[in-house]
Amino acid sequence: MTDDTANYKTRVRASFAKQGLMTTLGATLGNVSSGRVEIILHPKPAISQQHGFVHAGAVSAIADTAAGYAALSMMPPGRGVLTTEFKINLVAPALGDRIIARGVVVKAGHTLTLAQTEVFAASEGKERLIALLTATLMAIEGKEGVDD
Amino acid sequence: MTDDTANYKTRVRASFAKQGLMTTLGATLGNVSSGRVEIILHPKPAISQQHGFVHAGAVSAIADTAAGYAALSMMPPGRGVLTTEFKINLVAPALGDRIIARGVVVKAGHTLTLAQTEVFAASEGKERLIALLTATLMAIEGKEGVDD
Amino acid sequence: MTDDTANYKTRVRASFAKQGLMTTLGATLGNVSSGRVEIILHPKPAISQQHGFVHAGAVSAIADTAAGYAALSMMPPGRGVLTTEFKINLVAPALGDRIIARGVVVKAGHTLTLAQTEVFAASEGKERLIALLTATLMAIEGKEGVDD
Amino acid sequence: MTDDTANYKTRVRASFAKQGLMTTLGATLGNVSSGRVEIILHPKPAISQQHGFVHAGAVSAIADTAAGYAALSMMPPGRGVLTTEFKINLVAPALGDRIIARGVVVKAGHTLTLAQTEVFAASEGKERLIALLTATLMAIEGKEGVDD
């Protein structure tokens, strides 16, 4: 493993650990590679909407976070990311053993990066697509407290 | 107050109380009128992202919920709503004493309703816009467990 | 009228005249004020989709352009704008005597501006909402050929 | 070739030919298979924005149309499609010899279908991604004049 590889993984994991919301939702970080980040959520009443499905807001939260860290994994140290916008299509109810968000960088730019996240519900070893998100991430540099 | 007015308010409040995620985030329901619903969130570490701002996922969760209940408030009893898609633009960091999402129905249709939510951060008595969401809500009828 | 007022109106009109697509669609510029731009389209077979309505692509084109010029109207000379993303909800068929897109700046930023366009179909003196667009416009400076 | 295969291809081509806007833009239909449709556009001043690039509205028009026909190709005869919403991210200027939009169905549903279109600019035999669109298409049945 090169230093750079080690670095972006460490950076993503350290930053994820600082996100209070991810802890509150019970979300965990899965595979992390350059431009690709996976986040996993376990359905439970504490993150539900009124019909008992996982709330679209919780699905969006992990999907947006996966997109953001996919973008961060490709940025040099010292640069942070902020989501400027995202859109999510919810194509099936979020139900199952696990909800898995897989974020991928589509186009990395100097100021703006486009990333996409597919969200799957896994049950009995099978995955089905439940949501698709596209997000624009903005790189922030030289702003105190925003370096990840 | 007419019976109908009382009914939709009761319905929205009862449904909101069933959303585990809203309780987990500490979100509360504000004003509810026909086609308009307000949700309030109090910034705290448990709902933060890595820089200490309220997480875009938490902002989206209350914005989507405000849009959904604005739609539900205009539907006859027995019909439920599901978000099919939303898009959110995040125009300023979510920081302040309170985050307030105000959802409004833009166009109510038989199958699909378009709603929009403006999200404000309130500090020292002043509000500034931090996010704008548009959502498509789908009416569901005759499906067990989905009547709100 | 101050010089500045005159300037942004002249700038928007001169730039609009350079858009080959607007001429091809038969679109015309309506009212222009600071942060607000109106564009008008006349339904005809040359801009239709398969059912005879105005094509969503033509509606989007004038809605995006109205958002873009609303943003440009608030920028200093020498700075140009590019759309980085937009989302449009189409809530009713585009039919009528005229299609009118009204773009308004929601939040003007140094790098990114958020604008929103409401699109109406006018018939027999009445207007009804047919579409709602939100767009992110990026300011471009110091790039040859991109100063409007 | 089975009858069904022949049918959806014929149906898509016949419907595309009725779209006045596609003719006006000079767009042509490329490959058509089940759930996948390609549309090609040739850059020219008549479809430009103010800097000489192909207008985002023209890019969106072919991207939305490719998504719509990808959806239509999977529907039974007699059912039509309407776009209810789309979002497009524009990641590079639309410049080159040809602009190619490739629409693919992500999730086909009874009422709503989610499709995605990647748009490429081709120059000197190379393609680069310039835009990404996600669209929701609504199936329409039993409405006169809307069967494609």
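Letters A, B, C and D mark the chains as written, and numbering starts fresh at 1 in each.
In this section, a contact is a pair of C-beta atoms (placed from the backbone, for glycine too) under 8 Å apart; a residue touches a chain by one contact, two chains touch by 3 or more.
All values reported here derive from a predicted model rather than from experimental measurement.
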Based on mean C-alpha positions, I'd like to know which chain lies farthest from chain D.
B
Have a look at B-D versus C-D and report the one with more C-beta pairs in contact.
C-D
How many angstrom lie between the CA centroids of chain A and chain D, rounded to a whole number?
29
Distance from chain D to chain B - Cα centre to Cα centre, in angstrom
33
Indicate the whole-number Å distance between the mean C-alpha point of chain C and the mean C-alpha point of chain D.
22
Quick check on chain C: which residues sit in contact with 2+ other chains?
84-85, 87, 89, 136
Chain D-touching residues of chain A, taken from the complex the two chains share:
87, 89, 91-92, 106-107, 109, 114, 116, 129, 132, 134, 136
List the residues on chain B that touch chain D in their complex, please.
84-85, 87, 111-112, 136, 138
Chain D contacts chain C in the complex at 15-16, 18-21, 23-25, 44-52, 55-58, 60-62, 64-65, 80, 82-90, 93, 145-146, 148
